[in-house]
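Look at the two complexes coming up: chain A is in both, with chain B in one and chain C in the other.
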Partner chain A sequence: MASTTIDAAATPPTPTAPPSHEVVDRTNRRWALGFAIAALGLWAFYKFALESMPGGVQDAFQTWLPLTAVNEAIVWVICAIGLNIVVGYAGLLDLGFVAFWAIGGYCAGWFMSFFLGQYDITFHFLSAAPPTQSGIHINWWIVLAIAGAVCAFFGILIGAPTLRLKSDYLAIVTLGFGEIIPQVFVNGEDIAGFNLSNGTKGITPLDPITALPVGPEAVSRPLGPFDLETKYLLFALIVAFCVFVSLRIREGRLGRAWLAIREDELAASMMGVPLMRSKLAAYAVGAFMGGLGGVVFAIHVNGVFADRFNFSISIILLAMVVLGGMGNVWGVMIGALGLAWINSTFLPKLGETVNDALDTEINFPSYNFLIFGSILVLMMLFRREGLFPETRTRELVQEPERTELEDMHADLEGDVR
Partner chain B sequence: MSQGAVGEPLLQVDDISVYYGNIAAVKGLSMSVPQGAIVTLIGSNGAGKSTTLRTISGLLHPKSGRITFEGKEISRSPGHEVVGMGIAHSPEGRRIFPRMTVDENLELGAFTRDDKEGIAADRDHVLELFPRLAERINQKAGTMSGGEQQMLAVARAMMAKPRLLLLDEPSMGLAPVLVDLIFDTIEKIRESGVTILLVEQNALAALRVADYAYVMESGFLKLQGPARELAEDDEVVRAYLGG
Partner chain C sequence: MTTATAVEQAEMRIAMTRKEAVGRLLGVVLLLGVAAWLVLNLVTAPSQFFNSLLFGIGNGALYALIALGYTLVYGIIELINFAHGDLFMLSTVFSGFMMVYWLGAEGANPASWAKLLLTLVLAMGFGATINVLIERVAYRRLRRAPRLAALITAVGMSFILQWVGLRWNGSAPRLWPTVVPEGGISIGDVTLQYSTIMVVTFTIPVLLLLTYVVQRTKQGRAMRATAQDQDAARLMGINVDRTIAFTFALGGAMAGAAGLLYLEAVGTTRYDAGFHLGLIAFTAAVLGGIGNLAGAVLGGFLIGIIQGLNDGLPYGFGQKWSQTVVFSILIMVMVFKPTGILGQPTVEKV
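Up next is the complex of A and B:
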């Protein structure tokens, strides 16, 4: 036995610096506290404080930061945190994440509306829908779990055949998957006579959600379309769940396995990390969160519409992860909030303001991809690790991964001249 | 120091052939590694040494032939299971995890184990073998020098508590003084009861620490014998060992 040869007295002094995961824990606790305060503060602000503000301030908030934009941004946050598991933690490029968003959305469509009533199915479970309505009406918390599970299953399904593929090829396969699934829903009105998705007409409206299925009126009343503050709180709770899961898994055995795979797949396998199982787990957990995001989005817009699930969603999600800082769940959250806000509110409102002032007709929102693209290019040139890189990346990015030629300080510009 | 074969063969390789697609990298190789020995596998670049190690550790599978470890056939076992059986592999080119600290690298070396106390004891043991690593325990592995990274690669493999340690080119790219240090450590590891299969291009250094040696050339086994005899045979040294 190796250890029996050691004389106990000769054991080197245990290093005194704290283990790095303790440092990470402390950092995360600080961030978590900050976010809890910010999230609750925002809620209290919209719920109580905004009404008593002067009209100008109220208008400014209604214009530049309406609560509905915040709620939509939360959908992006949930999905980006999911994608971060796949891309940031396990290092697997995924260009088709919109598929899970769509599948999650349709789970809400199927299980929270009249829709399946067309096949004479009627089932109610802890739902706020009128009991006489046909179709499947399940409490939304349970639908969240179902959607997560269904997406995790599809995550494994897409993951399994792609496991042997590396970077570019993997990206292309996931890209294909992200195209196929939404197309299935777009054309899903008549699949051998079965109406899966109602095609581009979509499934709307959905059942109203309740904070709790039973209990006093205050917590079990159905939330109407204008009950944005309460929905905001509930959605924020789901974000908290995703963050919690991300952080716990990260520090556990599976998280270590992902990290090792991201750093060096071959070496990871030599350490006894089961590559297949660990990668599939990453797909499954990421997809689970994508499913949650899909349900939340469906609730937010009160319906599922097939033509909304397009490739650009996958790309924007990836941009959010890269911008925020791959692997750092807090950074990803900030990246998602920021880009979602730019996309949904800032560009349109800026456009209105500028066009009003200059009497022009520039379509600002249509420049969003120019802006996102530029952000990505600038990030790759000047800050590859993202705005808020994870702690472990921060120290090493002084020497970012350049190409081998660059490493050798080869004279690449000589070509151009 | 023991010489020649010591005790039962721990690892037995019988007539294996390994292919990359249609290209045979190892052709009909047989070798045995006795319990408690240092056996070295030497030969020039592209002779099939690393392929052999990767086949033993389950990253590749032989097209024909069999590998048995402690009497159990492992030729078809996937890599992550082979580690659990007691074979650890310190890969060519170190391949430490650059963005993890030294400590986290060691922790990953023990990935297949769950005996907390045993892991802590082995962590102390490898830090005693490589005091330099103890000094850098919370440093990101990617920021260390090549020699330190090599030490970490060996230490990390030791964390799996292997009964057989596969070392692929541990002296590659190191300054002579560090090469000596690594080879001294290899002997210390053997003294602690771990059997070692060492792949080296630095043949003379390998023959100095090894008990028994196999020489490969273009996928074939060319020569074998007690390490000391091979090292002293001028003809062998000239023909195969670049002496």
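Up next is the complex of A and C:
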């Protein structure tokens, strides 16, 4: 402030143009149109077009791309977009993202089912559950917000004491966190007499969801297990929300702070970027989306099961982000859709087909370890910026830590010896 | 203006010391709580206490061996080698197949003991070879890349090794006959298991040998020089690539030895053992001060004992919380003392 006043005193004030709204708003909103067309097109295809197709095509889609696989892939997309904020934008390696997925899932389990009825708690709010049922039953849109907030809180809780650590220590702490939280839920049947999670039995079923809490029958009827098309649309809406948030923040002050921290933490802090606050915000926003993904997954499988939350989920999410291109939301989305499909549908079905044809017993799904591991290694060795990189990321990851001259010396090493 | 800044600075200093004081107080309270817990258990169930302690020491020796691999590699190229735990897992499977199928060791007789020694050498060679191969194929190319890239590569390598273990060992745990007999030497209610004796008697010479190599030999001096400054080491005529490869070989050999000892102590192999044991061993390395050899050994024994006591004592959290206890220790060490017990920011690495 002091320097500005001196400047103002020394030079006569020059008239400055008032800030134009076009300049301030840098977000390109055209993506929303393309996204809506793609999402609605797929919906219309499954809802209307597929029925009129010949039987062979219908069978092929039922086998290789059933709508339930698409819905599951959307869960991965939501979580991958969340992880992309932490890893891709802020450059903080998080190896325990499954923790947020689990917490989000249990928020759905607690607030959308009979489960807390065992403690004589009964609370209904805009829910499709029968009013006589005990337990907490809250409308799922509100549960989404609750789960996101709870996860953001845990993100800050784990981030606050650890974010001053070096990047690889941070990765280990998140990894430990990602191991502790699922174990708490697995053993959660009896924590000092309190049943937190129903242990390995899980919490199932959950309340049916409705598109809107009130309104005409068409939009407020409870969705059953076979209303996949409607659920798909609702899930796609959540993806759109995550994409919107990602792109919006990316262009704003916070997003630019993240990129600055990712590229050079020291320089960023010299420029006045608040390191801790920005990093914590990255954790909170990423965890928020992880929580959304957890709720959506719980709705998709109609329950929460503690033993599903393992380390490989964190790594698969990381592989999605790395494959698609760290920092690029669209790349991450494509990576997530592709890998989720390979994991859930392609490998098992390919295994069935090949084993039937050749009369072998090869366990194809067990190859997913090899595939995801190889993706991480090969991408890092040969295409560090991912398949669909942003220009900015490409320049960043190609940049060597040493100068080219030093590299040349390194090459001469054999002769020096 | 200046007085305000001075006051602010003074306030900041007070805040800093207050924060430190609170941290120290917390640490003391925590340690006192642990001590009270130990005394309570010792008084109420002395035999259980000593049995758990001995069991923990046996496990701790294994953790120390694995932790050395982490700490050696971290000391020289500052990479957390995630694949190390899975290398250990592969060594357990290799040792099982070598001992039982390829060498045909059966029962506790002199021939079997000779085969055990032979397998120890082979397993160490196996671990060293795999580790050097990984370094050559992946990490070497990434030495000048951002740290995130090398770390992600290590995670990917860990997954690939886990897949190899899954194909080799099968998805179910595999039971193996062991050369070391069941049971142990009993004094009253306290039993010293034969497997614990074997693990500790194997571990100590290996540790002494490693210390000798790093502290006394020319190769060890090259390692320490490379750890301090790669460019300067190169100017002094040290072949940095070969030195780093040698470090990976040493770490891999430790993992190989740990693999055989684990097999003899536990008698089962499972493809996902590497992830958990590796993480526990990494916790040990961090607890002792990563990059510090003595620290890794100390941390290994400490973690082993803590885990053994937690799992075995009547007032512990029990085995199902074992992982949570270890990882909570990891997080607390990271938060309160990231340099570990023996590590210091300026300490000589490797």
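We adopt the following convention: the second predicted complex is superposed on the first by the 361 of 417 C-alpha atoms of A that agree within 3 Å, B and C clash if a C-alpha of one lies under 4 Å from a C-alpha of the other, contacts with A are read in each partner's own complex, and residues count from 1 in each chain.
Following the convention adopted for this analysis, contacts are C-beta pairs under 8 Å (C-beta built on N, C-alpha and C of every residue); 3 or more make two chains touch, one makes a residue touch a chain.
In this text, all values refer to a predicted model and were calculated from it rather than measured experimentally.
Novice: Answer with first, second, both or neither: which of chain B and chain C does A:Arg392 touch in the superposed model?
Specialist: first
Novice: Based on the superposed arrangement, let me know which partner A:Thr63 touches: chain B (first), chain C (second), both, or neither?
Specialist: In the superposition, A:Thr63 touches no partner, neither chain B nor chain C.
Novice: Is the number of chain A residues in contact higher for chain B or for chain C?
Specialist: Tallying touched residues of chain A, the top partner is C.
Novice: Considering only the touch criterion stated at the top, classify A:Gln118 as touching first (chain B), second (chain C), both, or neither.
Specialist: neither
Novice: If we overlay the two complexes on their shared chain A, which of chain B and chain C does A:Leu175 touch? Say first, second, both or neither.
Specialist: second
Novice: Once chain A of both complexes is superposed, is A:Ala257 in touch with chain B (first), chain C (second), both, or neither?
Specialist: Touch partner of A:Ala257: chain B, not chain C.
Novice: May I ask you to decide whether A:Arg384 touches chain B, chain C, both, or neither, giving the answer as first, second, both or neither?
Specialist: second
Novice: With both complexes superposed on chain A, which partner does A:Leu266 reach: first (chain B), second (chain C), both or neither?
Specialist: After superposing on A, A:Leu266 lies in contact with chain B but is clear of chain C.
Novice: Applying the document's definition of touch, where does A:Leu275 land relative to chain B and chain C: first, second, both, or neither?
Specialist: The first partner, chain B, only.
Novice: Let me check the overlay on chain A: which residues of chain A are in contact with chain B and also with chain C?
Specialist: none
Novice: Help me check something: in the complex, which residues belonging to chain A touch chain B?
Specialist: It is residues 1-3, 5-6, 10-15, 17-21, 253, 256-257, 259-260, 263-264, 266-275, 392-393, 395-396 of chain A that touch chain B.
Novice: In their shared complex, at which residues does chain C touch chain A?
Specialist: Interface residues on chain C, with respect to chain A: 78-80, 138, 141-142, 144-153, 155-163, 166-167, 171, 231, 234, 237, 239-241, 275, 279, 282-283, 286, 320-321, 323-324, 327-328, 330-331, 334-335, 338.
Novice: Which residues of chain A touch chain C in their complex?
Specialist: Its residues touching chain C are 87, 91, 93, 95, 161-162, 165, 167-169, 171-173, 175-177, 179-180, 183-184, 186-187, 311-312, 315, 318-319, 322, 366-367, 369-370, 372-377, 380-381, 384, 397, 400-402, 406-407, 409-410, 413, 416-417.
Novice: With touch defined as at the start, can you tell me which chain B residues reach chain A in the complex?
Specialist: Residue positions touching the partner: 57, 59, 78-81, 83-84, 88-89, 91, 95-101, 103-104, 107-109, 111-112, 118, 121-122, 124-125, 127-128, 131, 134-135, 137-138, 140, 142-143, 156-158, 160-161, 191-194.
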